[in-house]
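Here you go, one structure.
Should a chain be cited, it is by its letter among A, B, C, D, E, F, G and H, assigned in written order, with residues numbered from 1 in that chain.
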Amino acid sequence: MDQDQLRALFEQVRSGETAVDAAMTRMRHMPFEDLGFAKIDHHRALRHGMPEVIFAKGKAPEQVVAIAERLLENFQNVLITRAGRECADVVLERLPCGEYFPLSGVIRFWRDRTVRGKGKIAVVCAGTSDMFVAEEAQLTAEVMGNQVDTINDIGVAGIHRLMHNRERLTEARVIVVCAGMEGALPSAIGGMVSCPVIAVPTSVGYGASFHGLAALLGMLNSCASNVTVVNIDNGFGAGYVASLINRL
Amino acid sequence: MDQDQLRALFEQVRSGETAVDAAMTRMRHMPFEDLGFAKIDHHRALRHGMPEVIFAKGKAPEQVVAIAERLLENFQNVLITRAGRECADVVLERLPCGEYFPLSGVIRFWRDRTVRGKGKIAVVCAGTSDMFVAEEAQLTAEVMGNQVDTINDIGVAGIHRLMHNRERLTEARVIVVCAGMEGALPSAIGGMVSCPVIAVPTSVGYGASFHGLAALLGMLNSCASNVTVVNIDNGFGAGYVASLINRL
Amino acid sequence: MDQDQLRALFEQVRSGETAVDAAMTRMRHMPFEDLGFAKIDHHRALRHGMPEVIFAKGKAPEQVVAIAERLLENFQNVLITRAGRECADVVLERLPCGEYFPLSGVIRFWRDRTVRGKGKIAVVCAGTSDMFVAEEAQLTAEVMGNQVDTINDIGVAGIHRLMHNRERLTEARVIVVCAGMEGALPSAIGGMVSCPVIAVPTSVGYGASFHGLAALLGMLNSCASNVTVVNIDNGFGAGYVASLINRL
Amino acid sequence: MDQDQLRALFEQVRSGETAVDAAMTRMRHMPFEDLGFAKIDHHRALRHGMPEVIFAKGKAPEQVVAIAERLLENFQNVLITRAGRECADVVLERLPCGEYFPLSGVIRFWRDRTVRGKGKIAVVCAGTSDMFVAEEAQLTAEVMGNQVDTINDIGVAGIHRLMHNRERLTEARVIVVCAGMEGALPSAIGGMVSCPVIAVPTSVGYGASFHGLAALLGMLNSCASNVTVVNIDNGFGAGYVASLINRL
Amino acid sequence: MDQDQLRALFEQVRSGETAVDAAMTRMRHMPFEDLGFAKIDHHRALRHGMPEVIFAKGKAPEQVVAIAERLLENFQNVLITRAGRECADVVLERLPCGEYFPLSGVIRFWRDRTVRGKGKIAVVCAGTSDMFVAEEAQLTAEVMGNQVDTINDIGVAGIHRLMHNRERLTEARVIVVCAGMEGALPSAIGGMVSCPVIAVPTSVGYGASFHGLAALLGMLNSCASNVTVVNIDNGFGAGYVASLINRL
Amino acid sequence: MDQDQLRALFEQVRSGETAVDAAMTRMRHMPFEDLGFAKIDHHRALRHGMPEVIFAKGKAPEQVVAIAERLLENFQNVLITRAGRECADVVLERLPCGEYFPLSGVIRFWRDRTVRGKGKIAVVCAGTSDMFVAEEAQLTAEVMGNQVDTINDIGVAGIHRLMHNRERLTEARVIVVCAGMEGALPSAIGGMVSCPVIAVPTSVGYGASFHGLAALLGMLNSCASNVTVVNIDNGFGAGYVASLINRL
Amino acid sequence: MDQDQLRALFEQVRSGETAVDAAMTRMRHMPFEDLGFAKIDHHRALRHGMPEVIFAKGKAPEQVVAIAERLLENFQNVLITRAGRECADVVLERLPCGEYFPLSGVIRFWRDRTVRGKGKIAVVCAGTSDMFVAEEAQLTAEVMGNQVDTINDIGVAGIHRLMHNRERLTEARVIVVCAGMEGALPSAIGGMVSCPVIAVPTSVGYGASFHGLAALLGMLNSCASNVTVVNIDNGFGAGYVASLINRL
Amino acid sequence: MDQDQLRALFEQVRSGETAVDAAMTRMRHMPFEDLGFAKIDHHRALRHGMPEVIFAKGKAPEQVVAIAERLLENFQNVLITRAGRECADVVLERLPCGEYFPLSGVIRFWRDRTVRGKGKIAVVCAGTSDMFVAEEAQLTAEVMGNQVDTINDIGVAGIHRLMHNRERLTEARVIVVCAGMEGALPSAIGGMVSCPVIAVPTSVGYGASFHGLAALLGMLNSCASNVTVVNIDNGFGAGYVASLINRL
């Protein structure tokens, strides 16, 4: 669908030739626009009802700024993930309305703070070393309009800590659990609650953790039936799906 | 919590000493009972509000029957997964109220057919070879009170088929996608819809599929943000989580 | 050291030329004997103070019988592991003083039942499917003179069951924990007790469990400091080391 | 075949003793020459009808210059791949007729710009992060005399973008598709076109992408029959084979 | 596109309302039809200009027959791959016009024997054990209208055999090379010829061949630039792509 | 259990309402305290009777100092592992009572030097390159109150060296063996002694050692029955378990 | 080189036109012959001075017989490896001069028993389960004209057994060592002797032995410098290379 | 065996009490000496008849110097491998009689240049990038008294180059072949010669070479029977074993 077709569509809507519903339907799966090195899909937000995200790793700061500027013309909320300090400096100098979180490397533009989630999302991490992933999940869930309850450092080797947080966990509508090393926490929490649990293996560990593989395999083999898994260190993905679920 | 304590609790409830709510709370995380070779937790259903499931693989048919009989005394709906023909013959002879599905190896006892899910769950499979996994997901979702829309054989190499089913996919509240080989279908569907997508890698394929590893890795690396993953061939888990989400 | 040297040594001891202590020292690391297809080391029992074990898998029943007969001439207690039904039939016909345990495939000759362990060894398994490994550990620990407390089916997804068994666990002097799938139970138990925990990953599971690899990696990365690990399905090794520790 | 033999052969050709065809045949599989640290095969170009290529990674800039100078005496077109900035600086100072492309690390000497390909080669990449590989493929195909149509950023999660480019894709005689993460794009494109598709997995991604392994496995398991695969990040190889096919 | 739309389209063509070219274009990416358990895409042949293929492994003989019957109503040539003896017996009893090749497990329906390929395709295998894969490639290439030159048992450890076949190899327009174990043959042949080489790793070998992984990795790392790779044992895919190339 | 509950408990003990034993029991599995970014569990020492440990890798020096200061208020002995030089400089400036061991990266606060172990722990390493791991084990065992006998550089390829140290090895009550490359030393030592052997694979090696994987697999497959294994480079874990065993 | 050329060559030799040495040189790398499904290279024996070998696994008994008959017309000694009982029955019925060794699956035709090796080859195996591989090495070395000293069951966990066999080991000119599980024996023997050691990992073991991978990695990382490695279970290859070395 | 025992032994030899042969035998497997952080075994040279080697990677330059100085007091020839530039600077300043080879990182002390090898060792590498490994093999073989013929850059994709070097290859008594990427060269050379071939996989390559794994697996699966393999990049080991063989 090129620009001409788009104009034609709007004219049809204006003239009443095409109903708004029909126009919405036609637009739902179609349009995007050329930015030179990357195609930006303004309709993804419409389609998913979600803010836009830029994965900064492997992109030059200037690329990130160019994409971010464009997006901010069309969207209230934009998230940049995996941004190093230098990238953040360049971005925030040009776009000072953002906020940088160095632990997770997220830059957040959070202009529309409407609450959309129906309940609370709990974001749990097993150890302090896993907090960089949990923060990415938390910031994502917040910018997507959710109330987030963050619980840190409750590993499976300290079951009494788990028990201590049972109330807060059972109050959540969906739970994101970040854990490295053996990745056992999602199973333990999954057994305590009735809601969906999204497990995020982290690359925390050494030796036979193989950069998160041990945790990933552990979570995929969870004996708790309410656990699904995302990629290693993918806090964004977990926060995103948790938000989708919490909107239902 | 042993039998004596349980009786005492009920007497306290009867006498008014303990309120019903308090009794429910106390029971929520505690009791189970000894069956000899396996502890059956009657409260898991209460906790999760879900039917019970028996994983038959690696258990003798007699073990399966014994556990199933016990569960059916307490629960309306019971699911037995990964049951071979011989196991099914033994079980159904003793428990004729069940139904056997040889493709997926599921035996289903579906006595309470109340609809609990708020919307429709779509269960999609990429090829006819993946149907044994999709059927497990479908049977699980149905027994948990959901309306299921099954869509077979729409692989990523036939994009027009995907397009053809776009309507049905966008109508679902949550989608389970089963695919082997390269496991690309969840990404393609994830990009078309705004709801959560639960991806199930299947062991279908040969050579460098490494019994589902290729599909698993593909799904974990999905470029669509609304995709989470369960274990290879774990149709049950996908149907279970989809049901949890559809109840919200 | 051949037979002549051995005779010479005993003559020296008899004549007083060599002290008994010195003779013991010389024998400690030396002698063995030729049986044709396998060298049997009678001194391993003396060295380790332990019964002998035959790994039956991959050996013909006749080979197993020949080795067993020879060992039983010199040792009170002998363990045959990984023996199938046919092997067991051949062995027990010729050596009816043994007992066969079909779940674990162990044949046990337990003639000296002296208790040598100082405390109790707990052998725990996460699910009923893991019992074939736990039984191997239990039978090994018993034949080595230990009191064994067996606890079945207390997985990490049912934390209240763990809590329920806390007393029994804290009473043990050393604990063997057998678990497949995500292998998280040793971490949870390790955090509850102060004694050494020997973790045995089992091959129970499917898909991304990769025949026990997921459980193995999980246990190696345990966040509990008191956990060590043995090979997948190696119940014998775990029972053996637990016995060594319990003798201290 | 040493220099003397080569001279003798040309003299035979001059004198008519040997026909040109016969001389061509003799030369086809034989000669090379000693450069000290590397043997340069001037006949590879004749054999393949293709320019020469130097893989710069792991070579000192001086080595690269020495090989390049030698080759440029005999060949019109030379390609240096995987050259870092420092290497490029040294090379271009000595050989200023080249052009450096920092994204892909290619230095190109393109003196003979004859078009040899019969049709158009499409070079597609799934995301902007994959462009460093796509550029290597494009530069290779161009220097080998092909018209190249470059299409960036059309991932499988945005099917409408794929559809939008259908015309351009179906016009190509052979297509190179570069994708990281789940590597699903070649399957989707393969299903849309009837021409050969050469899939290049890229190392783009994190966590369970395992440096391109996930994409590689995905492509090898493609359900589209017209897909073949080259090594991770091997844009050169893909461009090379695409050129061979386009010359047919 | 349902049946009504298809009829409408043909009526438009008949009436002259729609030109044949336009109708072809509309049909190119759209239609398919419901067969119950599998969607058959009659247009894939039109789209690729190729016969249909059924992957028999994991399908019941009755399923295979049902799909095959349907396809044979619409297509001249059909290929069934990975069919065991029992499957072949059932298929050929019902569809006696087919021919079964037990080495490769292919059932071929070859009714239209028009030659479409422009040159010759060479299908080479490294050892006699690799012939089951080479045969699948050969049968595929033949049914797609190509002249095939089969060369067996010329491994890389017998270079003189390679040299002996140099003529035949250089005469081919595209070469399929099947090799297990170290998978080195494609590199050696790739260096001898100027045409595209499609490498098929086979699962032939033992120990560290890891069911074809060694050969697969070897081929992906080929030092010859004209080599691309398909999945382990995927003779069909190699024959298919070779046919596409040979039609150019 | 929050502060109020703790105070109440102590008041109950003071007043005689609760016996000391009962209070100990209640405290055993319960309390911890909030430090902001990490929960410190003061009772772990009581539970395990062991000093506290901080894993410094991936934590900022300031985080490490904050946790260390807090711990040192409550514990005599604290161990910081995997601390780089910069981290050590920051820590020791603020907490000069510690000692830094650059080879292993351990910072040790060893104020209570009571001997608690019943016998001697031997810490053996196969090569000088493995000493960084052995030192971590040694420092851990010492701070936990054990006499440690360190034996360096006795690899399996120099059996006479092993023999030479036989006496010292047989005198130990438990042995920690650190080895990289093929990781064979634990088997050889395990066969020489009757006590438990804790094997630590190290990441020492290159090529097919795969960062310690070869040693890890070797140790897990040890033919000596008295060997258990911990994670790659996990000297701390080995020293910790050895101490637990030596206290029995 | 076809039959005509071969005849011409012999005629040239007969006539004195070509010297015998020159004819030998020309034949050295050239001829072979067509047998239909496999090319047999009669000159390999001349080239290597070795008997012929047929790898029976994956070949039909009839294929094996056909190749064997042909070879036995030209060669004194032929070895068939990996032959099952059924294959052996067919072969020996037709070629009764062979001998079958069921443990290793070797069929040996040993008609020329000339001793060619200069010294003794020791073939060692770590456990009785490894004997099937050691036997293949032994039979190969014998048929190639070597005196073989077989030493069974001297694992690394029984160092005194190793010491006991030191004399026999130091007398060998080259040693083949077969070991499964942790594969440590080659290192221990390598450190005791000064001759080349050829290590054969075997698939003996379970769990984390991963079908011989653990032993393979261990041997590749051997700390003894005189160790080289062949494929898992490749007794033939080890016996073959040992024979080449022993002929020097 | 300590210094006192050694002195006593020599005195016994001097006095005639012990024959020289007997003294040699006693010394053969026993003595070593304490250097503090590493035990140096002066008798290894005597045992193997070979110079000493120090693996510098992971050792401080000072450690390397200390070991080297000590060794040079007792041995004529010493080899230091994997030494970086800084290490070499420190070593050569203190021990200027050495020579540094920066490509391979070897420092060589070659004072006794007696030729001990019976024939010539060929050291071949597939590409210029593999030369760093080939040089390590060459320097090792030379310092051990062998004549070495080095052949660079004859990959398997240029078979005519191989043919060109056939003479030189067949003249060698043993051949070391270093190759990265697909590692096919040892198979090709192994098929051309009758002598033992020692294959060294190198870490040269990218993507699916997985740091030398592809080459390693290729070589282990070689279809040439005269090939054995050492660890990735282990030029030293290959040169060492080649020297042992060439001395026979």
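Here is the rule we use: a residue touches a chain if its C-beta (ideal position, glycine included) is under 8 Å from a C-beta of that chain, and two chains touch if they have at least 3 such contacts.
These numbers come from a predicted model, not from an experiment.
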{"item": "Distance in touch steps, counted as few as possible, from subunit B out to subunit E", "value": "1"}
{"item": "Neighbouring chains shared between subunit D and subunit G, ordered by label", "value": "E, H"}
{"item": "Chain separated most widely from subunit F, comparing mean CA positions", "value": "E"}
{"item": "Longest centre-to-centre distance from subunit A, chain (CA-based)", "value": "G"}
{"item": "Fitting subunit B to subunit G on CA atoms, where both chains share a sequence, rotation angle to nearest 5 degrees", "value": "180"}
{"item": "Inter-centroid spacing, subunit H versus subunit F (mean Cα positions, whole Å)", "value": "38"}
{"item": "Subunit E-subunit F separation of Cα centroids, rounded to whole Å", "value": "59"}
{"item": "Of all residues in subunit C, the ones touching two or more other chains", "value": "29, 158-159, 192, 207-209, 213, 216, 220-221, 231-232"}
{"item": "All pairs of touching chains, each written as two labels joined by a dash", "value": "A-B, A-C, A-D, A-F, B-C, B-D, B-E, C-F, C-G, D-E, D-H, E-G, E-H, F-G, F-H, G-H"}
{"item": "Residues of subunit A touching subunit C in the complex", "value": "126-127, 155-159, 162-163, 181-184, 187-188, 190-192, 205, 207-210, 213-215, 217-224"}
{"item": "Residues on subunit H engaged by subunit F in the complex (per definition of touch)", "value": "1, 29-30, 32, 37-39, 41, 44, 55, 57-59, 63, 201, 203, 211-213, 216, 231-234"}
{"item": "Residues of subunit G defined as touching subunit C within the complex", "value": "128-129, 131, 152-154, 158-161, 164, 204, 206-209"}
{"item": "Subunit A contact footprint on subunit B (complex, rising order)", "value": "29, 47-50, 53, 118, 166, 173, 192, 194-196, 198, 216, 220-221, 225-232, 236-238, 240-241, 244-245, 248"}
